[in-house]
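In the two assemblies presented below, subunit A is common to both, partnered first by subunit B and then by subunit C.
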Partner chain A sequence: MLLISCPNCGSRDETEFHYGGQAHVPYPENPNDLNDREWAEFLFYRDNTKGAFAERWLHSTGCRQWFNMLRDTVTYDIQAVYPMGAPRPATSTTAPEGATK
Partner chain B sequence: MSTHQLPEHPDFLWRNPEPKSSYDAVIVGGGGHGLATAYFLAKNHGMTNIAVLEKGWLAGGNMARNTTIIRSNYLWDESAAIYEHALKLWEILPEELEYDFLFSQRGVMNLAHTLGDVRESIRRVGANKLNGVDAEWLDPQQVKELCPILNISDNIRYPVMGATYQPRAGIAKHDHVAWAFARKCDELGVDIIQNCEVTGFVKDGNRVVGVKTNRGNINTEKVGLCAAGHSSVLAEMAGFRLPIQSHPLQALVSELHEPVHPTVVMSNHVHVYVSQAHKGELVMGAGVDSYNGYGQRGSFHVIEHQMAAAVELFPIFARAHVLRTWGGIVDTTLDASPIVGTSPVDNMFVNCGWGTGGFKATPAAGLTFAHTIATGTPHKLNKPFALERFETGALIDEHGAAAVAH
Partner chain C sequence: MVNTAALTGINGLREIRRSPASHLAAALETGSVPGTVVLKEGPFQTMAGVRVDPASEAGSRIASVTGGLPARCGQVAGAEQVSVLWLGPSEFLVVAPEEDHDTLGGDLLGSLTAALGDGPGQVVDLSANRTMFELTGPRARAVLEKGCALDLHPRSFTPGTALATEVGNIPVVLLKTGEESFRLFPRASFADFLGRWLLDAMREFASPEVP
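Then we have the complex of A and B:
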């Protein structure tokens, strides 16, 4: 189980949280201008990164606030927790493939 | 069934050739789908100068990690057609491949625990019958007769209110299935190349003309991707995106027991599916871990939850022990249906997005994908599953029949 540091509540078990998928996917600025291809991209296509991945989490049984997290999708190491709306922190290193936590 | 009825562990069933410099087609991924595709390319389309590239060992990914359930009771016409075709192939494949991989048609039960479940299930039975899929609705007493160890008491949190039942469904020995396909592929001249990881693609304009691997470059006219959880990684190398998210999916087995469980029981609502393998271990699985992951492992609370569900439904399991848990990486789509067909890159074809339930589709996925690779056009069974559906909106929402239960 992941141990997640909620920015408001501190370290809590993963079971208190809900996953929100890829972070930094803004609603289209001019939705009326989008063609079918672009709508498909917005609705159905998300990055499926192997390595450091910026994603949203909701502390649903705690403060009920959303936040962003940078997590390695191979090692599951949590590299950074940061507020919604803040830019993605720079990643120093990505853990080697196949490394275990 | 006990251990002495299992097939002997086979001798080497395929060569381990060095990769040639050129093939007519290259399949990336030596799991069930890749091997089945290669088999049907050779058998149905006469394409024998082909290779299957596998980065690890043959069938060591999801083909070795699934819970081996085979069924075709899907809701929508498109899904019923391809999964039912797969089931019909499963019924003839042991003879065709000359290999008894212990396909056991012991039936699959999908339990209903709420009024909503009951209505959805009866609707699905009706839809199945219209599509020529064998399906029945069972009341709790009939459920108990078919599977006496199930607890149908009113005194549990989610009492069993009935079940759908597909008698022709069942389980098979997944590793033997892979070996059966691999042996036939090898006999037909297909090169199965293990420990050969694809690291990139060679393109001429928008056309793929070669594959870069850790064992050198291989020229090829066609590439078929059968890489399940790693499909997005390969697509990125080739320069396009797929609407796929990779998640860990966990399963577990108990120690060996005398045969107690005569069928396969799945419950979407309390979230577990259980069968008993030929050798005697109880095999259980449930849903994916919520987060994206390539780590082939997940979080323990997911295992804990499915065991709690299993013990409520099967009180007899309370003192069984978990012997082993593991995870595979499944390639999920938003409509819980696969993506099969052409890709934005010319001469490159994709077979992915089977998510949590690809094993049961193995023969039909292979047969139809081979058609697509050989002819460059969709097979009538995989046409609805083309990548374009995410643009046209013609989604095939199988969450009802697919979300938990495989």
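Then we have the complex of A and C:
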């Protein structure tokens, strides 16, 4: 069970949250200019990062607010929690594949 | 469950209103262990969901009706019989006695709506959304701890604190009213499950403690 620090409520169990997928996927400036392939990539194509990954979370059982989180997909280490709309914080410790073997 | 025959409201519907856990009343009484842990369903409440930016003008108008708005998670504001629970940075639950409902001679919803005016936000009558369980006694905390991951120790969870969380996997607002008394606000459709879950969690305290 992950213990996630909601910016409003403090540490809560993972079961109180909902996952919102990859963060920082901008809506296309002019959706009409996109061809089908580009539109499909906007809708469905997401990174599958090994290491630090910026993602959106919703504290659905608590304050019902969205926030961003930087989580290591290998170690589950939560490196940063930051508001929606804020840029992704710089990370010093990204563990590239094969770093610890 | 609760005798509210003295209150007569619109359309003559008052008499047939049943609280969501009224069918459990006898079981709650049998399952309670007086002096150890007691569970009952509380009386009907008037509840209003309020969404407003507390820093705005409409927010301060609402605050003057309710007797303040809580500023952060856990805080409870209000005056006399009215409690305002913090649900989110701009979302609050106003809990007041049943008689405060506008159809019963009160003016809670009307005055909240008037206070909001045309400011951004909303005031919604949520009186039938949730029911209220009252869990009291020296082992009340032990019962809750079986299904609630929060730190319920008195050093961090003090009387007059309310938290939206899960108890027995059910989303509830948990309000601590005294050193050994709690109120749980589950949605009506979860009342049956949560009532039975709490009864099950209380069962061990009916037997003598194993030394």
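The definition used in the following text is that the second predicted complex is superposed on the first by the 94 of 101 C-alpha atoms of A that agree within 3 Å, B and C clash if a C-alpha of one lies under 4 Å from a C-alpha of the other, contacts with A are read in each partner's own complex, and residues count from 1 in each chain.
The rule is short, and it goes like this: a residue touches a chain if its C-beta (ideal position, glycine included) is under 8 Å from a C-beta of that chain, and two chains touch if they have at least 3 such contacts.
Since we're looking at a predicted model, the values are computed, not measured.
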item	value
Which superposed partner A:Glu55 touches (first subunit B, second subunit C, both, neither)	first
First, second, both or neither for A:Thr15, with subunit B first and subunit C second	both
In the superposition, subunit B vs subunit C on subunit A residues touched	B
Touched partner set for A:Gln65, first subunit B, second subunit C, both or neither	second
First (subunit B), second (subunit C), both or neither touched by A:Leu2	first
Touching partner for A:Tyr45 - first (subunit B), second (subunit C), both, neither	first
Touched partner set for A:Asn32, first subunit B, second subunit C, both or neither	neither
Touched partner set for A:Tyr76, first subunit B, second subunit C, both or neither	first
On subunit A, the residue positions that both subunit B and subunit C contact, one per complex	13, 15
Subunit A partner contacts - residues on subunit C that touch it in the complex	72-73, 87-89, 91, 149-150, 163-166, 169, 171
Parts of subunit B lying in touch with subunit A, wherever the complex brings them together	230, 232-233, 241-246, 290-295, 299-301, 333-334, 390-392
Subunit A to subunit C touching residues, read off their complex	8-10, 12-13, 15-16, 61-65
Partner subunit B, residues of subunit A touching it in the complex	1-2, 13-15, 18-19, 21, 36-37, 39-41, 43-46, 48-50, 53, 55, 71, 73-76
